[in-house]
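Chain IDs A, B, C, D, E and F follow the sequence of writing; residue 1 opens each chain.
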Amino acid sequence: MRIDGRKNDQIRPVKVTRNYTKYAEGSVFIEVGDTKVLCNASIEDRVPPFLKGTGEGWITCEYNMLPRSTQVRKPRDIAKLKIDGRTMEIQRLIGRALRSVVDLKAIGEKTIWIDCDVIQADGGTRTTSISGAFIALVDAVNKLHKVQPFKVYPIRNFVTAVSVGIFENEKILDLCYEEDSKAIVDMNVIMTDEGEFVEVQGTGEEKPFSKKDLEELLALAEKGVKQMINLQKESLKMDCLWIGTGGK
Amino acid sequence: MRIDGRKNDQIRPVKVTRNYTKYAEGSVFIEVGDTKVLCNASIEDRVPPFLKGTGEGWITCEYNMLPRSTQVRKPRDIAKLKIDGRTMEIQRLIGRALRSVVDLKAIGEKTIWIDCDVIQADGGTRTTSISGAFIALVDAVNKLHKVQPFKVYPIRNFVTAVSVGIFENEKILDLCYEEDSKAIVDMNVIMTDEGEFVEVQGTGEEKPFSKKDLEELLALAEKGVKQMINLQKESLKMDCLWIGTGGK
Amino acid sequence: MRIDGRKNDQIRPVKVTRNYTKYAEGSVFIEVGDTKVLCNASIEDRVPPFLKGTGEGWITCEYNMLPRSTQVRKPRDIAKLKIDGRTMEIQRLIGRALRSVVDLKAIGEKTIWIDCDVIQADGGTRTTSISGAFIALVDAVNKLHKVQPFKVYPIRNFVTAVSVGIFENEKILDLCYEEDSKAIVDMNVIMTDEGEFVEVQGTGEEKPFSKKDLEELLALAEKGVKQMINLQKESLKMDCLWIGTGGK
Amino acid sequence: MRIDGRKNDQIRPVKVTRNYTKYAEGSVFIEVGDTKVLCNASIEDRVPPFLKGTGEGWITCEYNMLPRSTQVRKPRDIAKLKIDGRTMEIQRLIGRALRSVVDLKAIGEKTIWIDCDVIQADGGTRTTSISGAFIALVDAVNKLHKVQPFKVYPIRNFVTAVSVGIFENEKILDLCYEEDSKAIVDMNVIMTDEGEFVEVQGTGEEKPFSKKDLEELLALAEKGVKQMINLQKESLKMDCLWIGTGGK
Amino acid sequence: MRIDGRKNDQIRPVKVTRNYTKYAEGSVFIEVGDTKVLCNASIEDRVPPFLKGTGEGWITCEYNMLPRSTQVRKPRDIAKLKIDGRTMEIQRLIGRALRSVVDLKAIGEKTIWIDCDVIQADGGTRTTSISGAFIALVDAVNKLHKVQPFKVYPIRNFVTAVSVGIFENEKILDLCYEEDSKAIVDMNVIMTDEGEFVEVQGTGEEKPFSKKDLEELLALAEKGVKQMINLQKESLKMDCLWIGTGGK
Amino acid sequence: MRIDGRKNDQIRPVKVTRNYTKYAEGSVFIEVGDTKVLCNASIEDRVPPFLKGTGEGWITCEYNMLPRSTQVRKPRDIAKLKIDGRTMEIQRLIGRALRSVVDLKAIGEKTIWIDCDVIQADGGTRTTSISGAFIALVDAVNKLHKVQPFKVYPIRNFVTAVSVGIFENEKILDLCYEEDSKAIVDMNVIMTDEGEFVEVQGTGEEKPFSKKDLEELLALAEKGVKQMINLQKESLKMDCLWIGTGGK
């Protein structure tokens, strides 16, 4: 039995609130256990310089933890005049994850900004961000699609993420902060609803890990991803029907 | 009748959620109409260099708007590598307001960090921040006081803030964004529960204003402050009994 | 009797030197007691992005204290790679004050840069800056007007500023540094020559203040503003005749 | 046959020059095909604040590409006043990789700085950096060990890294730039000489990938790691005899 | 005859105002023609880290041009978040020049900050800064010496600087801006009252220059330095008697 | 006899490797004794704003020391978020030196970026950079010239640089680090192959120097420059035949 009573292959309770703020084209407040992230998707009618004139769109992410989302207050990046390395890494990861399931040509020359602001952090903020941001992305894309349908509906697949790890010799799914901080192997797995991998990042800083460990962790992750994709579907209901159809 | 159906001397509906996040010593989510601010108070066991060895404490504030708290996405300060002038002005204002009702000697050599993060902005974010931050401050101070009582309970008064302004020739209380952006005079008034002023900031950028206007606006502000202090008291209930007593 | 022998309602000796430097379109060295500020107005033939194509002009201010304008050397902002919060607040205030008496449409798509560099600081640097910058602004606008008259002369009113405060239970006008640093209430009042307010900023950081205090301080400020506007008129002589006439 | 005539499971020619510069405690110039990286290890007699007084040491990495290491000149980070996100990600990765095979307690309160400066980039700069930095680390640690032997020799394992990917439907090992830029799956694998994983990072930005792909890529990576570890051993010769022995 | 009627070997009129501001330990306003620089010397009771515990003092300089000291307004460094290269170069030059005539051991562990703020620039701002800063330095050192005499009076020599250059085939002394901007060779010479060189910086960006040119320019500079040192002596009067005596 | 056995008027062994990296239009690795600098020249088809539309080109330099090019590791500029003053000074110097022998009109609206990255520093990094960068510049210009000949071949002269100084009462040529750090006079001389000066920078921080010293040092520098220009010619062989001919 785990710290919070869960089984090893069980994710924490998930709560998704759509349309959380009133201005963003997509706005999702996602809670996975005590981890709470506000994921907003904003649409801007221009693209970064490297895409100008290509007809393609872009999806970019900014991730940020509020100073007291953590147990000890964390100074803001602006106070130190530089972005934290971990923050950079995470926002690049979220951007890649979402772009992997979207047809950027179909979007046209627009940028979709994903803002993931962590209100409370209890482990798994990057995976929670991806799972929530995907829903916000769908809402934002649908807002456009309802006004003027895309020739090809741009979202091709669901994408979601979970963490797995080895903690006290057990392989466990969806680590909370206490588990995460003591885990000897920590892995984030991002997958689509077709069971394919978008990204696998496993680290054994404490100690390297074997191929067998890797395989078992991946199997565990797959279980978690399935649970989480079902929750995304439940939350989106009819609003996810276009995904993967090209909009026909 | 105003845009949202209010009378000129009426504040918007207020909702206060205490203990909103689990780590901060004081954590308040305050909603004034569609303006929503998360106010967290954190206690740190040291003071800025200019107070070291004086036995006095400090209260400092950081204010920030989430990128999509506004109608159009506003880039983060860190992306521009500099703090916005308006942000600076507001966080200094909030800090002064709270310090004015606290006995910093009584706190001892501690810093109380107030983080006001605007989740959704619809006018009055600085006044809402002050009103909410005061409650978070009380909760944080009480947390200390319950463990080891202060010799002198450090909070001497309630403090709260409202905006008033002149919009379409009417003097109105608690402006929403649409009113604020077209007001010809805009004033923020910070007062205590004893009806004294902590700060008065009135600006007539569009057009100067007369002494009579100033007096009427101040009278209107007083009405608003009374309503808001009552709401603070309702929210704090028994937890505000020490205020102004010195803790005896 | 005050520290420097003045009466409570008396401003310090004022000396204004126009055309202080040879390149700026308007250049004023203003001394109010021992406070000395160089106010330069520069005209640039373009506007910030948010005004492009609107036909309107802009007035913006940068305020800066030389490192040894103060008793203890103050490191330069560039050495710390960030603008001081107080500096930001003051330069925004000066900008608003000047814009309030100018018809920005009449100026056309130009920016007037106001640089207030404090050479020596003995209290009241922000009010002295406003009073001096106004004269520099008139000189710069007249330089344009003489070459090619504006359809509508853009300056509508005189604007000036004074500080008032409560120090040792006395209400006093135009505080020097020693008074300012110990005042329990500190107020800056910006007014036009028609006796209307442009901005009122009163702070009681030490201790809140009553409505009666506020009224008495405002009355005192009015006296000071009148004295200062007379000095501006004396200094500008014939060069202020266009103000408020629209240039006819 | 690949672009440069290699077989799919073949790494590029590797050349290692130890003691490349004369000041660094460990200095390795490593060439993998046309990718050339200077890896310097420097020892400093203090640790970052979070380790002070713990008796533990630290290994940290800074990675940088010279402006013309790439086909088109890349502006320096300092010219843009911010570190590139990719740079951050890579230097964190290299640091984790090296720390995973070192006993930081055994090092004592010292920091080992690893500087990886890319002189020429033709794909695989991060994996090349890890493979070269490991040799520089061994040289630096041995320099200390020869003067005053560690109680426990701190390096426990060899660590090395290779890239694998899917390019034109082929799974290939050690991608050069041209292959890398068109690969649909890109994976970096960091392993020890005991065949355990330190880090696995696989990304399918273009398109997700299947479990079968993942397994085949991992197998290919293992082949590459073995070749590279043999090269590290050849290069270090007798100087790697202490590794994994604890120094006895 | 030159643009302003001077002979080739004639410096511009010089005016020195000592004790220009009231707080700085040494404060000199120096005017050389239309070039006007405020030179303040401040004493701080600590030294930079590299001198701690050595018993030696330090002299450091910050140079800055006010935005409208030039014909076209020059944005402030802080607005661009980086110090201008030319500014850096000049402040390092001024620091070296002053340190060359001071016995830093005799000063003890103090830092003397020299702030040169250019109020108006008409060529020769760096040489004018050195000449003025030297007088401010003497005043600051004397202020200490009068309170508690140094064992060894730390200033060993006068130091001053002039510019020379080739303009329209003439070799000229002390170039004004118009001459400087068109000169094909530009040289700054810093010398002591004993006729020795502290620094020689000659540049022929437009076109290289011959040895003969160099010699003639140096001879011309010597003439200028003599004139300028006499002016420093006149300005300092009795206050320069300790220089070079060691204070006996 | 000097530390490394050289005579006073002897430069260190020089080794030049052209085409050191494969992407840069000119790429030179130059070694002068133990000082090693990689000098890359890159061509960009645009010019800085101040040259747009003038038809003229530009040459600009960036100089940087790798962190462990020095005896003690030197933190990167980006880690401190500001460029070192010395770095600024040197890169401006190199830029001026190269521009002095190039006809910028003949280049047309292109920028040539010179990157000097110091791999190992043992004194004379700035002079070595100039001598090496000149060769890289010739290679880059020739690459263009061979594809489409310039109307006027833009390089008019060879340019090279050496250091001279006074060390233990001896005047010596081409100082190594140990000599440089203890020299009482330090001078950098940049000259053309016609024996004309481009730049002379002599500093006597420790102690001023006499005219006689200056003359002897310049004579010594001339000797060194001749040796170095011969080495540049040897290295460039036939590729320097266009220099000074205008390309006919």
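Everything below uses one rule, namely that a contact is a pair of C-beta atoms (placed from the backbone, for glycine too) under 8 Å apart; a residue touches a chain by one contact, two chains touch by 3 or more.
Just so it is clear, the structure is predicted and the values come from calculations on it, not from any experiment.
Trainee: Expressed in steps between touching chains, what is the minimal separation of subunit B and subunit D?
Mentor: 2
Trainee: Moving step by step between touching chains, how few steps can get you from subunit B to subunit F?
Mentor: The distance in steps between these two chains is 3.
Trainee: If you tally the C-beta contacts, which comes out ahead, E-F or D-F?
Mentor: Spelling it out, more C-beta pairs touch across E-F than across the other pair.
Trainee: Have a look at where subunit C meets subunit E and say same if over half of the interface residue numbers show up on both copies, different if under half do.
Mentor: On the two sides of the subunit E and subunit C interface, the residue numbers are mostly the same, over half being shared.
Trainee: For the two copies subunit A and subunit F, what rotation in degrees overlays their C-alpha atoms? Round to the nearest 5.
Mentor: 120
Trainee: Most remote chain relative to subunit F, going by C-alpha centroids?
Mentor: B
Trainee: Assuming a repeat means more than half of the contact pairs shared by residue number, which candidate in C-E, D-F or E-F repeats A-D?
Mentor: When the contact pairs of A-D are compared with those in C-E, D-F or E-F, E-F matches.
Trainee: On a C-alpha centroid basis, what's the spacing between subunit A and subunit B, in Å?
Mentor: Their C-alpha centroids are separated by 34 Å.
Trainee: Quick check: how many Å separate the C-alpha centres of subunit B and subunit C?
Mentor: The mean C-alpha positions of subunit B and subunit C differ by 28 Å.
Trainee: How many angstrom lie between the CA centroids of subunit C and subunit F, rounded to a whole number?
Mentor: 51
Trainee: Name the residues of subunit E that each touch 2 or more other chains.
Mentor: 81-83
Trainee: Enumerate the ring members one after another: first subunit D, then subunit F, then the rest in ring order.
Mentor: From subunit D, continuing first to subunit F, the chains appear as D, F, E, C, B, A.
Trainee: Which part of subunit A faces subunit B closely enough to touch in the complex?
Mentor: So the residues of subunit A in touch with subunit B come to 21-24, 27, 34, 36, 38, 40, 42, 44, 62, 64, 66-71, 73, 76-79, 81-83, 113, 115, 117, 119-120.
Trainee: Per the contact definition, I'd like the list of subunit A residues that touch subunit D in the complex.
Mentor: Touch list, subunit A to subunit D: 82-83, 85-86, 88-89, 91-92, 96, 99-101, 157, 187, 191-192, 194-211, 213-214, 218.
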